[in-house]
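The structure under discussion appears below in the form of structure tokens.
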């Protein structure tokens, strides 16, 4: 698919009867994008009626290398055709060895990181659950500090450190053992960083249960593209270190190059105690997750945390191929920053042109923020009509969040930004 | 691979340095089976040094149709080669429609089941978390009844209803909101079924928090191949219905034909309110899970439960292919029961021949139970040396648990049972 | 007051306007006994309109020595008149020293008990909260085992180990960290004692969180006069000891001689790790409570548990006087057993005479059990009309529970039993 | 006792053997004040060796009318001598009616308060537990907001909203369902009031569980004499009202005139939804507590919260006498403010004279704050030697907290302040 091919046709209403009949009301993306998708390639999705959609969403950040990336596809098909082990729990396999070696050589070693690697189950929420368990086991404490507008997952442990009140209510039990603290810039700079957090930690009468760990996203994607400054992250790391609290960076969405460097925390020069990775770590959009932690924290007993699909070997294969192809040098990182800057320019212009519009972001996660939340929704709806997929985020869905594939071409980027600019103009004029 | 090819060679020690160096101590299967697996086909795994292993484990029940099943492989590779959508969250896709239609036509409709289908994330523990959330939301109650030696998963919600004390301790917080009740035959038949459970439910002074739901496995795999009688399951269903408690059957391991019929609860003639499926539902060993529930329970709000890898489309493709190929008639079910009976005969003979050995099981989940737990471990270790993979289960790992692929040939079954019989003889003589 | 004085008059409706207007709907005893009481002496209460009521309730067991016992009254008034310290928190006072010395000489030493004494606050629920805290601190575990139909108090810790579902619902949060087990005879003897409890303790896969302690009443008063057999208590003590679980006997209602001996557990020859006392320990009906525990369990830090009214010195004075006067020999104990036997005879006769009536009890806590709960209520209502106070208990309020003062005279007892016998006859005929 | 009588003698070491032998290590006041007290009158305590101590502590605020106040003593002894009902649970009694009528006429009516009155058990922690239960029942929510350095009691519900980390650790379970917010002036005025609290309430993504209620002390006694400004209390009340959150004022220590008016919140002109009273409400230092709430919040079912010692009738008698004698006019209130001002003058002078000393307080709760916590301790120790009882408070015990009887004479006040001034001079010079 190419831009030229993207000729929206008059389309017939798609056949969605079976979805309405059989699939739970919990489905959500299909409500905003009521097409039935069939094929995908690079930055494009094609619906069954032949309409192409430029993808500024990238599987919620799980497709940093684009859809059906040919390099990874080739490795994947070869593996399947040769009867490589598909499903291996935590058995040793050749594919897993290859992934570990590549992760060591291309990710950990170059960054001087002495982490152990856990395969906690193939989803981000599994990686977070394992991180929280480990932090509690290491410290003997129960309480976790999370941040306003955090998103960490939907299973009970991860949900307890997630901010969204609708999703929290879904738990059906009171979510406890977590206390929210203000994320960077929560008060628009009028309040000293960590004023509240450091004070309640140091006040023996504050009533705060002493935390095992802090869990943080360096950029909050679901929370509305809230970007933590490097100095804030450094101060947070210092605060944790001084008080013997473990620092968990949840890099499920912002890792794997989304903000430029492989890990999103590299910009701050910090070394978290525990790191979670998922989404794009598999490379091809297949389920995979890792929990990384400092060597000395590896106090797990054998089998103390497990799960059937920890050994999703096809994803090991694509993961290793992606690391080898994209992380042997800094080209992807530089491209990401350059493209991110291109989006930022467009969004700055839109902010200048229209009242009630602002922007924030880092690398290839960029947000166009509308004072009136319904405007963000309208922009995304108009974009969809024009063949562009972009979603909203933030507590009131007030942010148009861009997560294009890192491999998007400049022309594709331009094409999509034009659609967004026109949609914004239409909505705000 | 075939039986004839299975010539164990003198093997060099496998290269596992990177695993020792980098992978967390939490790994477990690799400790009992210290081979590095490379290829897999049907009922066989081959290690990189060319040794073949007959697989009586089947990915902990995730490979009911065998490794790299050619029917599914063909569908999978075609899909990938044609750039079908790989990753789709809960967007509509052609592959998902196909799966829903096939699930309706081949599974639900023939059994008269009017369930809605939720894609809760691609693992069993996700399916359980969604089931528990929904039960709590529907009833407005928090408490769940689980059973002794239950296993439902490792995320906090699922772990709270899991029995194993080592795994529970891994939570690092007190696990609450669940109360265990005795599983069928917990007292070897000397105590009336549900004596305790029904009494505390009906006694307003018992101190039991009124439960939202009961979660049960019809056969407890991890718990030691504990088999609930159909009449016990019926009585449980009646008890739940009379007292307005939801019944959740966790069919993650026992569903998809493991015990014969597609759903393991069919033998009892009951219709659970909620059912979880995972492991073999994807067919090819790739992550997939479903939560099913009665239509009237679908009170989910859009997005109230979500997760990145809910739309693992390659697994939709293999799932649909498996349903079409294996569940259009009752051949697989009949074969499963026949082969299960074959195992049972062998195990009955072993029980007769050796003191301290007994057996239990249903369909193709069969357990050889040793009064001395260390014997079970020895049998599995001997079997591994002879090229057979089988794992132990039960609270003291006292049960050799057989979960062969449902597609295993009679000759392969014979071959494996001979190994087990010899190992048992060696251990118990 | 005496029996002869007890001439029920035609009474005008009492003035209860201020209660209706100002007191919360939570009030309960005043609903069944809508008199306004004014004076009290020995076994009698007199309402302001001059009607006398024989008291088979004794302040829910807080008035074992009767109302305004002259021996204690004299000590109390002397103390107040001489400006003895009234309120002392946990300061040393002469009155507290006297109480401790008397408790040592009259209670602990004669029974060979080497307990430390905590003043945890002046109510039973405070004593229970302190006991639970200490058990958790000593063991490092959170979970507590309680029994069906237990009653331990209304503050959140004590309420979590209480059985009554209406009272539990009042918590407004899910009550966790406690698991109920069947009290003695819960299955009418058809099931082996501790079958379920010992099994789940010993099964590493049962899902029961390992308990810090077991809390038990030897006779459940609120729960319906359920009497634990000595051999059951011994087996429970053994079970706890073997598994390193602390045994807490809540003797708030059954201690201070209610069942005969000072401690209700003496009959079983066991030594609990922790004991709670309240109600009649103060002797005169004024708030006082003690938590006793084995010397080696005294791991409290100074002030780790506190409370304003721990030092209710007037109650120390009456407590010491009661111990000196009533516990220097075994007269009270023998009288209690004799009078209890007298009640039991009457109740046995009633059980023989009327269908649907049975009896159980120990010492001077005796219950007349009605198969139809409304009958128990009717009997108490009739008794009230005839000038007798007795309350119902049990999960369905199906038991007429007798807790007369231990100091009741034989004539008074006879008088009251006649009223009950007539009421029972009227209700059951 | 009078000032002239206060001649400290050379004293022999008191006999405290039984305390050391028998009383739990949890005792605390006796450690700082190792005298054995015997008699008490007005503002004075006398130890058994005849030494008199001026009491600037007043039973932790439970003796606002002094020790053994003759007006109350007379009423109390008359009541006891006339065989008034001592112990009545929640039965109607003449003494309770009198208290309710007096409370209505002297407290509620003059202030235009339409509260219902609950007798929740005779201690402050009972009153708080009832308040929290009711707030949860009314709102259907679980979470409570408390404030930094709050103190509300030691039973599990009250402890969960208490700040002190040592006391919290004593729970032995994780304390949940409460989130602390900054008390007034927590950041020394540099941060806008309620910046954090109102922001997380209004942000649907903050992760804060929506609270049932806020519980607050207008002056935190145990927390270090932290005084909330009237405007802060008004803003808090507005914030609660706007967001449908119940406001609980815990007036256990600050009520009954301690800060001047009967209720400490009168200064702010607010009407809390729920109010707790204890300590001095009984007047004579005997256990009593009330929970007050707006009429429309009285959703209690009969017996839904109960407790044996709710009907401590002697305390009803002294409570009513105290209200009649002291709250018929505003003399006590004016005196309290005048005497409080007298202390404040002395403390201001000390603050001016010595570095590292400051002061805060309201009415007759006044604190002398030392930058070096050990200085506060030394001052209290020196004062004890000179015959003055005063305790420290605050998270580091850095505040000398004065809670003299409201009935203290000017000469006594002068006498005590001189001791404190000299002690401060000695310590800080």
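As written, the chains take the letters A, B, C and D, and residue 1 is the first residue of each chain.
Simple rule for what comes next: a contact is a pair of C-beta atoms (placed from the backbone, for glycine too) under 8 Å apart; a residue touches a chain by one contact, two chains touch by 3 or more.
From a predicted model like this one, the values you see are computed outputs, not experimental measurements.
Peer 1: So if I look at the partners of chain A and the partners of chain B, which chains show up in both lists?
Peer 2: Looking at chain B and chain A together, the chains touching each of them are C, D.
Peer 1: Tell me which has more C-beta contacts between its two chains, B-D or B-C.
Peer 2: Of B-D and B-C, more C-beta pairs in contact link B-C.
Peer 1: Taking the mean of the C-alpha atoms as each chain's centre, how many Å separate chain B from chain D?
Peer 2: 59
Peer 1: Averaged over CA atoms, how far is the centre of chain C from the centre of chain D? Could you give it in whole Å?
Peer 2: Once rounded, the distance between the two centres reads 30 Å.
Peer 1: Distance from the CA centroid of chain B to that of chain C, rounded to the nearest Å?
Peer 2: A distance of 51 Å separates the two centres.
Peer 1: Give the residues of chain A that touch two or more other chains, as numbers and ranges in rising order.
Peer 2: In chain A, the residues touching two or more other chains are 142, 166, 173-174, 177.
Peer 1: Which part of chain C faces chain D closely enough to touch in the complex?
Peer 2: 14-16, 18-19, 21-31, 33-41, 45, 48, 59-63, 67-68, 73, 76-77, 80-94, 96-97, 100-101, 103-104, 108, 116-119, 121-126, 129, 132-133, 135-137, 142, 153-158, 160, 166-167, 169-174, 177, 212, 252, 278-279, 284-287, 291, 293, 298-309, 312, 314
Peer 1: Once bound in the complex, which stretches of chain A touch chain C?
Peer 2: The contact residues of chain A facing chain C are 173-174.
Peer 1: With touch defined as at the start, can you tell me which chain A residues reach chain D in the complex?
Peer 2: 142-143, 146-150, 161-166, 168, 174-180, 182, 186-187, 190-192, 195-196, 199-200, 203-210, 223-224, 394-396
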